[in-house]
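One chain, chain A, links the two complexes that follow: it is found with chain B in the first and with chain C in the second.
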Partner chain A sequence: MNTVLVIVALATVATAAAAMSRPSLLNCVLLLTVSWTGIAAFYLWAGAEFAAFAQVLIYVGAISMALMFAVLLTRRTRSDFPPARASGSRAAYAILAGAAVAAVLLAAVARSSVAAAPAPGPASTVRQLGVQLMGPHAAALLVVGVLLTVALIGAVVLAAGAGPARPEGTR
Partner chain B sequence: MSPAATPDESLLERAPVLARDWLTGFLPGPARWLAGSLLAVVAVLLVFATLFALLTLAERKILGRVQNRPGPNRVGWFGLLQPVADGIKMLIKEDLVPRAANPVLHLLAPVVLLAAAIMTFAVIPYGRHLVPVELDAALLYFFAAGSATELAVFMAGWASHNKYSLLAAMRALAQLISYELPLLLSTVPVVLAAGTLSTTGIVAAQSGWKWNLVPHWLVFTPCGAAGFAIFMVSALAESNRSPFDLPEAESELIAGHLTEYSGFKYALFFMAEYFGMCAASAMAVTLFLGGWHAPLPALEAIPSYVWFSAKLLALLLGFIWVRATMPRLRIDQLTRLAWKFMVPLALVNVGTAAFWSLTFPWTGPLQLLRWAVAIALAAGPFFLLGRGLTSGLGPRTYRYA
Partner chain C sequence: MSPLQICLAFSSALFAVGLAGALARSNSILVLLGIELMLNAANLNLIAFWRFSPHGSPSTGVVFVVFAIAVAAAETAVGLALVISIYRHQQDIRLEEATRLKG
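Let's look at the complex of A and B:
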């Protein structure tokens, strides 16, 4: 069972690392999609099938599409791809920032106590999940819903605010 | 795996389970389970590959009849061997990859597309004992597995390094994003009514008859009927079928994302389209048409998988009929239909479903009120939104010179 986890983890990390190093943006998106699928596989391994399917549906199905759409629509000339190589100082800053995040994460992991033998997780069904979300966590669900609705309305306002496009030279 | 058969069912009903037990009976426990699963995979693949071959022929024959021509009739009796000839042709054709194409993605695209289409077959209950995989979140799995198709179409279009293919990829993205939403929303009433995401649970919730005559299928409720209509239109768009076949519009984009594909890779795309169509129809049967349940109590003697196949074939013929009848939409009409019509309609339908399940205990004259309100909630927005969609496009006047 643990070999499966190691393979999944390696694939996830490797594709994420490859995505960061590719010059072509679209290649990055496709590699990131593989990485997200790896995270879904991890959820599946951990027995959270609902979270796994939701992860695939949302990340592979929707977010990757949104990313690709953004890349394709904002690309103006062929020279936009691939961008110029980063300078040395920029790389140094990037490594510094990355190291800081890694240090914080490692400190958190090191301080938390991990039980030697993990207890068997509760077998959660979709029904239990729904009852939990609609019962004790209803407020959080509503807040998230309101947040997303506000974001959606904001997007509509931004998109509609430009008004009808006029041809050049007319008033 | 499918549950064990009870001896009081007819022999034909139990036949698949008995055949599986006979084939895998001599194996020890875990190997038996594995062999049973593999057997299910092989059976599903064989059945749907055969159906694919016959469907291509049926489609060409029916399109031919509709267009007043005979269709393929040279190979074998009435053209029955045409799919075999097509298959051989596809296999021995040269596989061309453009020099500027991304070879890895060019190869991966049809594979991912077909794999995603095949994976969706896993959770469909084909009969009383014929469920390849029983999952608690089967409906979510179905849509998650199907979501990779968009990615594959995009990969095909982008990796080909061809302007027509790239345009097709953009169109496919816009189309699939637009129709994913109504497709998902149209299944919410089913989940509300059945109270589960498992496909077997949804089919079980549709068992039984009212007055021994009208089956408890969801399509016979107002929200179910509206959901079924929205689901079918969205499924048509999701499977890139006419009138929503904009990504491969022959007349404007040559063949869209298929332009640079030949030989067996092209055949894989073709296969994936038909598999997607079959999976969407099978899901529609499961969600709205009572799955494998017989329409009348007296007809229950006929095995469940026969009923499922009959409903599936009826829906597939409907798909072909639509293709023969409807002209292709324009891309702006397509997205407008999705966002201004289908999505609001699907959202209202969720409300209708909530009303329908909340008023379940109503009896007597209140029952009539329940039906009236639900029908008004389902049909009213349809007409209002439909009027808004076509306003200003009113009857066209023709002036002759």
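Let's look at the complex of A and C:
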């Protein structure tokens, strides 16, 4: 059981690290899609099928497509879009910061005495989840719906821009 | 190591990779991707603690993660719209070029 978890974790972290270090933007987005699939596999391993489904649908399906569109819309010709090279010292400092955070977190995890895992773990069916969402969490669900609507309308307004200036007297 | 510790180490590593990526890259789309990776690492923690909690309620962790994914999707949509808006003004999405408001 742990072998599956370790394999999924290593594959996910490796693809994420590769994505963050590739010079080409399209490679980054594709590798990150693989990494998000790995996270969905982790959710499946943990018994959270609905979360895995949402991860695949939203991250692997929707967000990766939106990122592709953004990458393709914001590049000009191939020649005048050089791969974004971070300056050397900046990348070094960033890796240093990442390594420091990782060291602190991993040390804390290794030294903490978490209780041993229960054998079966909680099981969640989609029916239970729906009852939870529509019962105790109904207000939060409504707020998230409003948030998504406002965010998407705002995104359309931002991306559409002001448009060309209209001549005077016309509507 | 117990499985919970492996899960937590996994999410810590993913968070560190996202942080390093967000700080190192100058392309604003890649900075956004690094932030997404950090959000995903937080979701991993939620699921791991839900899975291994001694007396967890049936679907608390999944509800948390579903809401977090919805908010992350909204954030990505607005972030990409901002990137496209910056591109229209600057013809460039590198963060070094977006210095018009610099004091």
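Basically, the second predicted complex is superposed on the first by the 130 of 171 C-alpha atoms of A that agree within 3 Å, B and C clash if a C-alpha of one lies under 4 Å from a C-alpha of the other, contacts with A are read in each partner's own complex, and residues count from 1 in each chain.
Keep in mind that, in the parts below, a residue touches a chain if its C-beta (ideal position, glycine included) is under 8 Å from a C-beta of that chain, and two chains touch if they have at least 3 such contacts.
Everything numeric here is computed off the predicted structure, so don't read it as measured data.
On the shared subunit chain A, the superposed partners chain B and chain C are arranged side by side without overlap.
Within the superposed three-chain model, A:Ala139 lies out of touch with both chain B and chain C [touch as defined at top]. By the document's definition of touching, of the two partners only chain B reaches A:Leu30; chain C does not. Using the contact criterion defined above for the overlaid structures, shared-chain residue A:Ser64 touches chain B, although it does not reach chain C.
In the superposition on chain A, contact of A:Leu105 is made with chain C only, not with chain B.
Looking at the superposition, the partner that touches the larger set of chain A residues, chain B or chain C, turns out to be C. Of the two partner chains, chain B is the only one that A:Leu72 touches; chain C does not reach it. Once the two complexes are laid over each other on the shared chain, residue contacts for A:Phe50 go to chain B and to chain C alike. For the pair chain B and chain C, the least inter-chain C-alpha distance in the overlaid model is 14 Å.
Overlap of the chain B and chain C contact sets on chain A: residues 50, 54, 62, 66, 69. Residues 1-2, 5-6, 9, 12-13, 16-17, 19-21, 25, 28-29, 32, 35-36, 39, 42-43, 46-48, 50-51, 54-55, 58-59, 62-63, 66-67, 69-71, 73-74, 76, 84-87, 90-91, 93-95, 97-99, 101-102, 105-106, 109-110, 112, 114-118, 121-124, 128-129, 132-133, 137, 140, 144, 147-148, 151-152, 154-156, 158-159, 161 of chain A touch chain C in their complex. On the side of chain B, the complex with chain A involves touching residues 105, 135-137, 140-141, 143-145, 147-148, 150-151, 154-155, 158, 166, 169-170, 173-174, 176-177, 180, 195-198. For chain A in complex with chain B, the touching residues are 26, 30, 33, 49-50, 53-54, 56-57, 60-62, 64-66, 68-69, 72, 125-127. On the chain C side of its complex with chain A, the touching residues are 1-10, 12-27, 29-30, 33-34, 36-37, 40, 43-44, 47-48, 50-54, 56-63, 65-67, 69-71, 73-78, 80-85, 87-88, 91, 93-94.
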